[in-house]
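This report concerns only the one structure given below.
Just so it is clear, A, B and C label the chains in written order, and each chain counts residues from 1 on its own.
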Amino acid sequence: MNWLSGFFGDPANWSGPDGIPARLLEHLEFSAAAFLIAALIAVPLGMLVGHTGRGALLVVVSANAARALPTLGLLVLVVLLIGVGTVLPVLVPLVVLAVPPILVNTYEGVRGVDPDLRDAAYGMGLRGRQVLLRTSVPVALPLILLGLRLAAIQVVATATVAAFVGLGGLGRFIIDGLATKEYPSVIGGAVLVAALALAVQFAFTAIDRIAVSPGVRARPGRDTEIAR
Amino acid sequence: MNGEPIVRWDWVARNWANGSPSAISALLGGHVVMAFLPVVLGLAVALPLGLACVRWPRLYQPTAALMNVTYSLPSLVLFSIFLSVTGLTQATVVIPLTFFALAVLIPAVVDGLTSVPEHVRQSAVAMGFRPVRRLLLVELPVAVPVVLAGLRVATVSSISLVSLGALIGQGGLGNLFIDGWQRQFPTPIVVGISLVLLLAVASDGVLVLAQRLLTPWSRARRSA
Amino acid sequence: MITFEGVTKRYRDGTVAVDDLDLEVPTGAITVFVGPSGCGKTTSLRMINRMLDPTSGRITLDGRDVREIDPPTLRRGMGYVIQQAGLFPHRKIVDNVATVPYLLGWDRKRARARAMELLERVGLDPKLAGRYPFQLSGGQQQRVGVARALAADPPVLLMDEPFSAVDPVVRTSLQDELLRLQAELRKTIVFVTHDIDEAIKLGDTVAVLRVGGRLAQVAGPATLLAEPADEFVRGFLGRDRGIRRLSFISAKEVRLGPVPPDLVLDEDGRPLGWRSGGGLAPYGTFDPETDSLRAALDAALLAPNGMAIAVDGEGRARGVAGRDALDELFAAYAGGASGPRADGDAERADA
């Protein structure tokens, strides 16, 4: 606890380009960028594959393989190959990290929609796109949001490694602290990242409350979730 | 980097098993231990804990909340915290990864055990199964596919996450990334990524095979 | 009018679901497709709104080949009700009912007003409008399904085993409700069921299909009971065909005798019971104007003396009929002879 008050109580840690606000902002910037890119790729792809059933095996297999790619390795490789200077090197591994959970959950959610429901929707004269957007997606929304949440948390947590190749973000406190054996800085940075991840968790709980129809949320079988 | 090949095979050959602790084979061995130990430990804890959550449903809400929090803690954060407790040992990587495995496995066990259809459970009761036999002969077998799906996610994530341990000096194949970075030399990085990927794909394949053998009545419907 | 002309549906695995079906579905009446599972009844229904397309042959709607019509447009003009109702779980009841009006571009207010009107029409409390489907019982959900199908006032209604998943009591009330609605609305209804009793109760025309998708017989329910075309149809109809057929014959022609003195009446002339020893014995009544011969027979069987009491709309005794009087009519309509059809839906409800 002394360490924490030492870290957070030091006014030098609250200003300038090395201060907590600046680092937090950097961290949020490339986390948000990576998350948005991943969502833009994975949500439409997951919806399309779940809706049409085409390419499902390919998507699931490659998503599982992508899950195994080590972020740190990818990060240093991309930096070595294209050089530092932009945030691009950190975006690549983070997007690779975020795509699988979004893709798999969106796909499973849309694919898992009760076939009777889709049948009724088609039978009433909805077109394919309307069936997807007005029926399947609202019903699959809890799973889609779960995928987005898992991805966002992993991105925020893992963006710390950017500091390893000299980029900013909250990881600087941890990685610099480890290098110089300044443990208050390591622990302080760790607490900040954890707090940010929890904030993301709560934000998604709130989004879930607002965006998911009570008719879908209250249905049985929604109590347990498996992180994937 | 100009003119430099992405992989220099002579480096790989020289460093595969040269007897030093930084030989590729030694790093691979360490990686395997640090990746699988958390999953095995996690399963050993998750099974009884999951059973308890099913038996006493009131336990589940707080457990699930705790697991959600654990899951959102960055692994590097946990590594750093445990570094001050367990120092530069494999335990510093294994303990946090065990928590991650738990965060995935407990919901999987609970989900699996509760996925037994009510009519199946009822007819088992009606045929005179006592609770323990019912658990062993009916509920656990039905839960296997769901638990294995969770196990696949936990294993693959664990294999990938170990490499982050390199930042605190215990990362198995992750050390190759640091090495390559420090020397601005891509070969160890590519070798490291490839071996992590191979390890993950092989483990996943074994688990899929295990699922086929253990539950011939279900074809892996859940693709984790 | 919907016409099937030589319609065959062969699935990719080679199974023939529907085999060379020729059939006319008359406008403004209920046509029931009935048969065991695998007889192609649902496939036939789904080809009408192009959820499936035939392998060969054609289906016309008022003379126009449905293949010429864009499927969503075609479907918006046909109500569609399925077994599990298929309500959208994420939408309130009122918005579920208003689905097709919204699709057709009605403004929100008009669509919702129409939905509320229909909820009432199918016998649902308007308070349910703001609920979500999971908050309703199976029978209520099915009523919402019917309301949703009727929302845009389509001339055609396709119903695929709509009442199969609810308990028998609820099923009976849903069937009665459908007949009551149909008496007002006169839609062209195609109704699929595997339950022959439901088919006979609801159908103006019943098409019996056999496994392999071949038509076994098309007829009105009374004719079907009297003259099953072959062994398959006879077996499918089951027992008690003779008695069940009486439901389709009006009791109007029953020869009535005068009210005998041993029938005790109240001051308005309503029966209280048959004098018997020191007390009253049980009795049964029927209304010759609205009831069927089956009701008359039932009334006769209830009384120990075998006399059915004919009553008027107010329940006042008008006369009695002994078994001899009923026998005359049984003889007249034995076999295939068709009598005057019992009118109104009340008798059909006890078929």
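Rule of thumb we're sticking to: a contact is a pair of C-beta atoms (placed from the backbone, for glycine too) under 8 Å apart; a residue touches a chain by one contact, two chains touch by 3 or more.
Just so it is clear, the model here is predicted, and its values are computed rather than measured.
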Touch-based graph of the chains, sorted into line, ring, star, complete or other: line
Chain occupying the most central position, where position means C-alpha average: A
Approximate Å spacing (C-alpha centroids) for the pair chain A, chain B: 19
Distance from the mean Cα position of chain C to that of chain B, given in whole angstrom: 59
Rounded Å distance between chain A and chain C, as computed from the means of their C-alpha atoms: 55
Footprint of chain A on chain C - complex, ascending: 49, 51, 71-77, 80, 82-92, 99-100, 103, 132-134, 148, 158
Interface residues, chain B side, partner chain A - complex: 1, 64, 68-69, 71-78, 80-81, 83-84, 103-104, 107-108, 110-111, 114, 146, 149-150, 152-153, 156-157, 159-160, 163-164, 166-168, 171, 173-174, 176-178, 180-181, 184, 186, 189-190, 192-193, 196-197, 199-201, 204, 223-224
Partner chain C, residues of chain A touching it in the complex: 114, 116-117, 119-127, 130, 135, 138-139, 141, 212-216, 218-219
Complex contacts: residues of chain A adjacent to chain B: 60, 64-65, 67-74, 76-77, 79-81, 104, 108, 150, 153, 156-158, 160-161, 164-165, 171, 174-175, 177-178, 183, 186-187, 189-191, 193-194, 197-198, 200-201, 224-228
